[in-house]
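Chains: A, B, C and D, in written order; residue numbering restarts at 1 for each.
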Amino acid sequence: MSERPLYLDNAATTAVDPAVIEAMIACLGSGGRFENPSSAHPGGASARRLVEAARERIAERVNASPGDIVFTSGATESNNLAILGAFDADERPNRHFVTTRIEHHSVLDTARALEARGIDLTYLDCDAEGVVTPQQVLDAVTDATVLVSIMHVNNEIGVIQDIEAIAQICATRQVRLHVDAAQSAGKIPLDLGGWGVDLCSLTAHKAHGPKGIGALYVADDVVLTPQLHGGEQERGLRAGTLATHQIVGMGKTFELARPDRDGPRLANLRDRLWKGLERIDGVRLNGCADRAAPHILNVCFPGIDGESLRLALADIAVSAGSACASDIPEPSHVLSSLGLSDALAQSSLRLSVGRFTEPADTERAVERIGTEVARLRTLAAGAPAWCSN
Amino acid sequence: MDYSSEVLRRFDLPPGAGELPDGTRGVVRGEAEDRSLGIWVRFDVRVQEGLIRAVRFRLFGCPHAIAAAGLIAEGLEGQPARSLSCLDLRKVASDLDLPAEKYGKLLRIEDALLACWRALGAARD
Amino acid sequence: MSERPLYLDNAATTAVDPAVIEAMIACLGSGGRFENPSSAHPGGASARRLVEAARERIAERVNASPGDIVFTSGATESNNLAILGAFDADERPNRHFVTTRIEHHSVLDTARALEARGIDLTYLDCDAEGVVTPQQVLDAVTDATVLVSIMHVNNEIGVIQDIEAIAQICATRQVRLHVDAAQSAGKIPLDLGGWGVDLCSLTAHKAHGPKGIGALYVADDVVLTPQLHGGEQERGLRAGTLATHQIVGMGKTFELARPDRDGPRLANLRDRLWKGLERIDGVRLNGCADRAAPHILNVCFPGIDGESLRLALADIAVSAGSACASDIPEPSHVLSSLGLSDALAQSSLRLSVGRFTEPADTERAVERIGTEVARLRTLAAGAPAWCSN
Amino acid sequence: MDYSSEVLRRFDLPPGAGELPDGTRGVVRGEAEDRSLGIWVRFDVRVQEGLIRAVRFRLFGCPHAIAAAGLIAEGLEGQPARSLSCLDLRKVASDLDLPAEKYGKLLRIEDALLACWRALGAARD
């Protein structure tokens, strides 16, 4: 069978768009703009112009000024730089950090690093659908709060938080807001300037760009302490030779990323998946249908052992929780926060669509999943109720 | 998780999965479960003239458990009934190349077969 | 004139080798291995195998085990991780760091960050040729020394330090040694295992690989505290989605990097440059002819204003000091350490050759430099002696 | 460093660079330097019948200084001799679009021309 492989793991990473690949190649070899963008010679200056053009495109797509965009190696680094950088720059003795329990590990682990330094933490819980309310943020903020960090789109369940309302509250309380928008670009409009977000993490590889390049949006008046020492690149905020091909690739990625056009298309594919899977007995949607990112669907199949479910579907690229999970994943901290038991968390799958997903892919996936779920349910016929809870 | 080819084969087509018609002569049923390990298993065994004629199972659990139940079920057919009480778990583990953290589930599978053995005794009594 | 541009700035960065570009492209698009190497599905596993194969190639080239190689975003990050990571992992109250005055900014700025935390520092001076002796290291090390950090090849003057002898001394004194080998790969053999180096920073883009990818060699028994939080990638030492195309590109780069074959070829090109420039009146070599990396030549032209020299040669890609220098560079800290006056440091040029440099390029460069130096010298005929000192 | 096109043009082909034959009638020489600014400049000026007939210069310094000396030299030719003492530096700076940190060097160039002016006075006396 030479069917093309079924790839429904676009929230983990995406195939790079051909136009992006082309733009990257033009910055690699002898014939292209391979020079160091910091070099004074004409080749260096040309590379620098490409970098600045990419910065402008990215800024434009998120309603920011080019000068607010600092390139990093990805959203993980951006999250670290935003949070550690903000705390290192604030010398008050009592400092407080507010975040949620459903952030990506790169925020949660950084929070833990802050805790180890004696910084006060508040973790906001989400409700059973994964939503954190602006009121919760308002209640949590104190005079000592340095930063609130809340993700835009959750990478496991696709829930969109109301960043605009949360930003308003942070502004009223004069507290900085950091947003992890790794999953947003191209799917949900980002209006960083309009919303009044202070810091925002971006990455290219979730939106058909290259892995290993990201950016941190740093609003004009935000002071950060750099976390990587060694050069005056990126306003002194991020040392290291600028990777022209990566930056240009990210620029092209954001140029191509059009929520107005792509969002509805992705949502349609996601809905096709859900329409098909919904027919399976007992299946449940993890997340919030009213605040759902267009590309992510997280579904629970009660009564199926998670490891067996994963092995049965091992040939199709779907994900159990996040991609960084190890072989037998810990039950996802996000699904646990929704109130799912370990077993139900384990028997959940994330399906995520992208630019290269075809309607036919959704049908094949529904069929394969339906077949395997039925097979494993038959095998477990007669099992006690706890197997489905 | 890496799976041995034997586990993969038996997971895809678990031989012996199913049930034996309820109330058939010589059929006993044994069950075991461990919620903390995430396993439930039930065997139907038909014994005639002291020999195990058929073994079927239902199972909720991981691929290793499914493969182990299948391997054991297959191996028991044609054996004397007392085999139900003296499984060579070490051999099962080695045939399937099971990781150590899965041994607990083997013990529950053994429990279910011991329950069959006891049921057989009860039937004889 | 459609002559190909003259590029003699390979110590700043290099054009990516076509074979490397090809390997990278195969990891980008839909048809290739674009999946997340941490994903459990078969595509993820295939990407993971490519990553591990690249790790093996790199390890092989530096005489290390694959497990010792941690991927980073470049040598800047590797230097930060090595130094900050080693100090964060050591909880003694009095701690001491030994480095040299001629390190790259990513080491020196990190040293400054340590100083700000109250850590004791010793900066070793080099001699007038840029050499730091093993004896100096021995004299500097104390019972409190956590780490010694010394670069292999200096990026401005190309001097090779005797890492083997320095490693021996560090081993005797039971002090860890970190080596910044950003400039070495493909030019000088690296025998990390044999020499007994504890930590070593590598980068791809100085050796005809992509920018934005590097590695830190971490010997088996070295304990480091990670500096980037958020995922179990890279033995927990470096979070962030692995950039397959970048890693595979670095793997290919190191596979192609052959000091035995490339070193003599580069040295020959460098010598042609020097033979030509040597004829210019008063010209001086910065560095040490006996301990010279094959690809770097640093030359001083007394009696020429540095800024005018740079503008006169603005059309050819050479470098005044390091590439991260701004428009009117501070006099290079390396050249100052050799004892050069600010004026002489400013009237120095670094020429660096690479795989794609042709003998004809060296001749063109010699001619252009000779012409401009003569022109500016004529313009300044009669200037007082201080203009040449 | 960004250079204005005027600086670039004059740097590439500095008009007026050179010397006037020593001892020629009406030729005076004026020199100035500032080591801390990294500039040395020397003008040879030939004056006949109160008019500046020729100006040549030698200079060690940055591209802006070279361009400024060339522009000034060119502008002086044909002017009355007293122009040596009343340069419009503001205009030079604006014609060349000089960055502020380069103004100090302009003052040294002015010094060298003032030295010529004084030498001229001495020659007349």
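Everything that follows uses one rule, which is that a residue touches a chain if its C-beta (ideal position, glycine included) is under 8 Å from a C-beta of that chain, and two chains touch if they have at least 3 such contacts.
Bear in mind the structure is a predicted one, so any value in this text is a computation, not a measurement.
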| item | value |
| --- | --- |
| Computed distance of Cα centres, chain B from chain A, in Å | 44 |
| Between chain D and chain B, distance of the C-alpha-averaged centres to the nearest whole Å | 103 |
| Whole-Å gap separating chain B and chain C, where each centre is the average of the chain's CA atoms | 62 |
| Multi-chain contact residues (two or more partners), chain A | 327 |
| Of all residues in chain B, the ones touching two or more other chains | none |
| Graph class of chain-chain contacts, one of line, ring, star, complete, other | line |
| Which chain pairs touch, all of them | A-B, A-C, C-D |
| In the complex, chain C residues that touch chain A | 5, 7, 9, 12-18, 20-21, 24-25, 28-30, 32, 34-36, 38-44, 73-74, 76-77, 79-80, 104-110, 112-113, 203, 205, 210-213, 227-233, 239-246, 310, 314-320, 323-327, 356 |
| Complex interface listing, chain B residues touching chain A | 1-3, 8, 11, 14, 17, 33, 35, 38, 40, 42, 58-63, 66 |
| Complex contact set, residues of chain A against chain B | 303, 305, 307-308, 311-312, 327-328, 343, 378-384, 386-387 |
